[in-house]
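In this document, chain identifiers A, B, C and D correspond to the written order of the chains, with residue numbering beginning at 1 in each.
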Amino acid sequence: MGLLSQQYDDGNIVLTTAEGVLNWARLCSLYQMSFGLACCAIEMMAASASHNDIMRFGVIPRPSPRQSDVMIVAGTVTLKMASRLKRLYEQMAEPRYVVSMGSCSNCGGPYWEHGYHVLKGVDRVVPVDVYIPGCPPRPEALLEGWMRLQEKVRTFTTVRPKATDNAAA
Amino acid sequence: MALSTPSIFEHLTAAFPELTLAHDEAAPCIIVPAAGIKDVCLQLRDHPDTAFDFLMSLSGIDFADGTLGVVYHLASMTHKHKLTLKVVVPKDAPHVVSVEKVWRTADWHEREAFDLYGIVFDGHRDLRRILMPYDWEGHPLLKDYEVPEFYNGMKVPY
Amino acid sequence: MESLLTSILGTNLLTTVIYCALPLVFVLTYALIAVLGEVKISAWMQDRLGPMRTGPWGIIQPLADVLKLLQKEDITPSASDKFLFNLAPFVTFMGSYAAFAAVPFSSQYIGASLDLGIFYVFAVGSIGVVGLMMAGWSSNNKYSMYGAMRSVAQIVSYEVPAAMALMIIVIYTGTLNLQDIIVAQGGGIWNWFVFGGPKADVVLASGRELQASWANLVFLPLFLATFVMYYVSALAETNRTPFDIPEAESELVSGYHTEYSGMKFAMFFMAEYANMFLVSVVASIAFFGGWQSPYGTTIGALVGVPWLSPVEEFLWLAFKGFFFVFVMIWLRWTLPRLRVDQLMYMCWKVLIPFSFGIALVVGFLVMIM
Amino acid sequence: MADLKENIAEHIESGRLKTDELILHMGPQHPSTHGVLRLELVLDGEIVVKVIPHLGYLHRCFEKHAEAMTYPQVIPYTDRLDYLASMNNNHGYVLAVERMLGIELPERVEYIRVIMAELQRIASHLVAVGTYGLDIGAFTPFLYLFRDREYILDIFEKTCGARLLYNYFWVGGLSHDVHTGFEKEVGDFVKYFRPTLTEVNTLLNYNKIFVQRTANVGVLPADVAISYGCSGPMLRGSGVDFDLRRDDPYSIYDRFDWKVIVGDGEVGTLGDCWDRNMVRMKEMAVSCDIIEQALASFPEGDVTTALPKRIRPPKGAEQYARVENPRGELGFYVVSDGTANPFRVKCRAPGFVNLSVIDEISQGHLISDLVAILGSIDIVLGEIDR
């Protein structure tokens, strides 16, 4: 990677600790883009309502894509919507994550065969970090998916891992 | 006073002799020629005995025998009776007179039938696609419709 | 305070910098606490828990938010006016921060004890509006534009009743100096302006003497109404519910800061909270005795520990400020939002005529008493 | 305020204040379009001159699927039409197929269906009123209402194992009987729920700001409503006394004693947003009445006796069945060609028809009012786009 990683290629303690803190900050305040598509959006709303309260994880719904970190694709993505979805994803600021919630956005769900206007999986237009199965997934499943996403953020590193060194040698 | 379909038919044939009554006990309906549907509807709406002021539904249908159809389900708020009208048109020239001026709700219903079946409603103020993207090709609910392979670079079939 | 710093560090640039930076440190800490307060209070009002995973009961959540926003990509839309777009958040934050220079945090600590204190606070506080307008216009986004237009119209309108309400206090005390206004309310809770102002003669900080007696009770209803008017205008000036029309989420996405990401968005956020605290502090200075304690003296003065008094006074001011911020948060999560025309009606047809009426009556009373 | 708006509208009419119009696209991703609706607004300053809705961002090809599936297989797809009122959707579809087959249902099935449909109506109205508050800017009532909705979902979940999309009403019966203790739980819920309605009224519906924002806004006259085919709370809010549960009776609604709620213009003009919202509030109480009466005479019995082995309606049979959805008249037009798959299923979605009136009632209002009007129509994009 950059100059720093060449100097401290084996994950120097200062760098990793700093990285840990920065990753911690990121995973603790993942702002969600309030953007629902279909049935799953209702369960997404239920997840942020009092009963499940996803805001315990530091989530704040932001209406503007510029200010949000996570896009929850909650529901069926149609061909008409796909281009809009892609544009919204492009408007988000890095680092950004996508959670695909529900069967429809994972793979087309019940509409996979005859859905002439349904995109068979949102990963055909934007990269997806976490897939949550279910039709629709329960709010608890969304919380679980959220924790998986947090784990993913936690293991993010800018330092080159040792394995690649060995592979390069 | 609620009227049955045959008595409404009696009522109508005085002014419109070209109508036919489809005899089916479970689902009686009146077959109307495509060009006369608007006049029939106006008569049905404005005559105090029928007073069909509510268009419940307007559906396109592909009979799979070279004809398309439009089915009108009417109801009356005052008399609480219902009526089904049908129009059958050939598939290669599907032209039906629009009833959008009779009931405003027919506006979107007709756009939908145009979108999904390609039935053209003559006299409609703004006949364009409603559900599918404006640049979509074909009318997907036709029985012989084939799904395109790609749309705007996105693969459509699974 | 300044003399204390000078005696420790000597007269040099460092002293000045530290002296100037103290309010900034305070405002930033306060903003973090207020953000946490907002999420936690709203959560309690709504049968929820709010942030729970970041530190015990989520108390370091705002810290994580700031650290995250620092790491976010800083987007400048290609179609925007880049210079203005980048300048806007700084102008907005500068406006609300600079106003703190004239705010007396205690009897010993005030950035600049201006004779035109109130005037200065209002004038500098209004610079923020320019920033909002710049943000909305330069974003090249229709929603931002609408948000900016609304917010400018709203803030400029509500400046009038807010200033008028404070003017009523100025008519009574005859000074624009904030320190003077606080000193006038010394000696106990009953001397606060919200309860009718001083009941005995006082000597102001500037040396002027203010004559008063228990007959001042006639001012109680007038000043109480003035306070309510000021607080309502303050809510509108800081774009808080029910006057949060410029950022009405259900109408304008996020208003003027729709296109901002990362730290610049955080600056707007911080400016909003700093503004909330500013108007709250001004409300407590003008009507609730500022740093005066409700029992008229300080524990430090009673037990004879001189350095304790300013600290206590500062805590009293902070407490009063936080209380009014709390009320703002409380209102936000309770009330629906007004419409633009209703907002303007409220300002021009209700608040302004009433404030002029009260000013007239107060002026008359001051003249004959 | 009303005369101010008239003044402004008059000015636009006469062209004296006419300036350049601004076109603003609201949606498909916008917090207040309740999903993926796109409204193209032609604006004169903040005043709406014209609204052009663009639909289809959630067109999931329901009608094509229905033609490719067997009759029972269509039921899960009807769930996903109006995902806030799945039970009512199932009801409409199975009613059409049952009428084609001429099936008589066991008593207990009808009772369970009515109870479930009314519970679902309450759940749906709770979301409608809650999100309406959200549109007006009140966030907290939304969460209170969602909390109460969870109790209904818990009952549904115990009965059919799903929280949102149930697939519970089958042709000729139900997928299975209710769980033990169902009557008690529903009874307890109704008892708990009634005071909540008063609470919501105090907190939201009679709040002065809320009234100012919604009264006299988006007035829909009765004749316009009928011509546009509006139904449900939209139509009743305009003062038309029409409810399919009473005027075109299905199931066993005619056995119960309840009254149709009609808007009365209590705080503003008849047919404004406040009326529509209030009709929903009052309908929840009516649903409670119906549920209580149904529970009082809840019969024992088997719920699966009428389930047909093969569902193949006779060739050429067709049926248009309509039920009162929380949003209005939900119609299913089903045509059979004698095979196991339906030849044509057309869904007449209430939201689709109700939404078409938006241009008519929002002209001359402000953007903020447009949000209020859209919220009062209570759209669910799943059924609008199908």
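Please note the rule applied: contacts are C-beta pairs under 8 Å (C-beta built on N, C-alpha and C of every residue); 3 or more make two chains touch, one makes a residue touch a chain.
Computed from a predicted model, the values in this text were never measured in an experiment.
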{"item": "Comparison of A-B and A-C (more C-beta pairs in contact)", "value": "A-C"}
{"item": "Centroid comparison with subunit C (C-alpha atoms), farthest chain", "value": "B"}
{"item": "Where subunit A and subunit C are represented by their mean Cα positions, the distance between them in whole Å", "value": "38"}
{"item": "Centre-of-Cα separation between subunit C and subunit B, whole angstrom", "value": "64"}
{"item": "Separation of mean Cα positions, subunit D and subunit C [Å, integer]", "value": "45"}
{"item": "For subunit C, residues that touch 2 or more chains besides their own", "value": "46-48, 249, 253"}
{"item": "Per-residue overlap in subunit D, given as positions that touch at least 2 other chains", "value": "30-31, 56, 59, 61, 64, 143-144, 147, 385"}
{"item": "Subunit A, residues touching no fewer than two other chains", "value": "50, 63, 80, 113, 116-117"}
{"item": "Chains grouped in pairs wherever the two touch, ordered by label", "value": "A-B, A-C, A-D, B-D, C-D"}
{"item": "Residue ranges of subunit A in contact with subunit B within the complex", "value": "79-80, 82-83, 107-108, 112-113, 116-117, 119-120, 124-125"}
{"item": "Residue ranges of subunit D in contact with subunit C within the complex", "value": "1, 4-5, 22, 24, 30-32, 46, 133-140, 143-144, 147, 204, 207, 209-210, 212-213, 366-369, 371"}
{"item": "In the complex, subunit D residues that touch subunit B", "value": "55-56, 59, 61, 63-64, 100, 224, 226-230, 240, 242, 247-248, 316-320, 322, 329, 331, 333, 335, 344, 346, 348, 352-353, 356, 360, 385-386"}
{"item": "Subunit B residues touching subunit A - in the complex, by the definition given at the top", "value": "131-133, 140, 145, 147, 151-152, 154-158"}
{"item": "Footprint of subunit A on subunit D - complex, ascending", "value": "28-31, 35-36, 56-61, 64-65, 68, 76-77, 80, 83-84, 127, 142-144, 146-147, 150, 153, 163-165, 381-382, 385"}
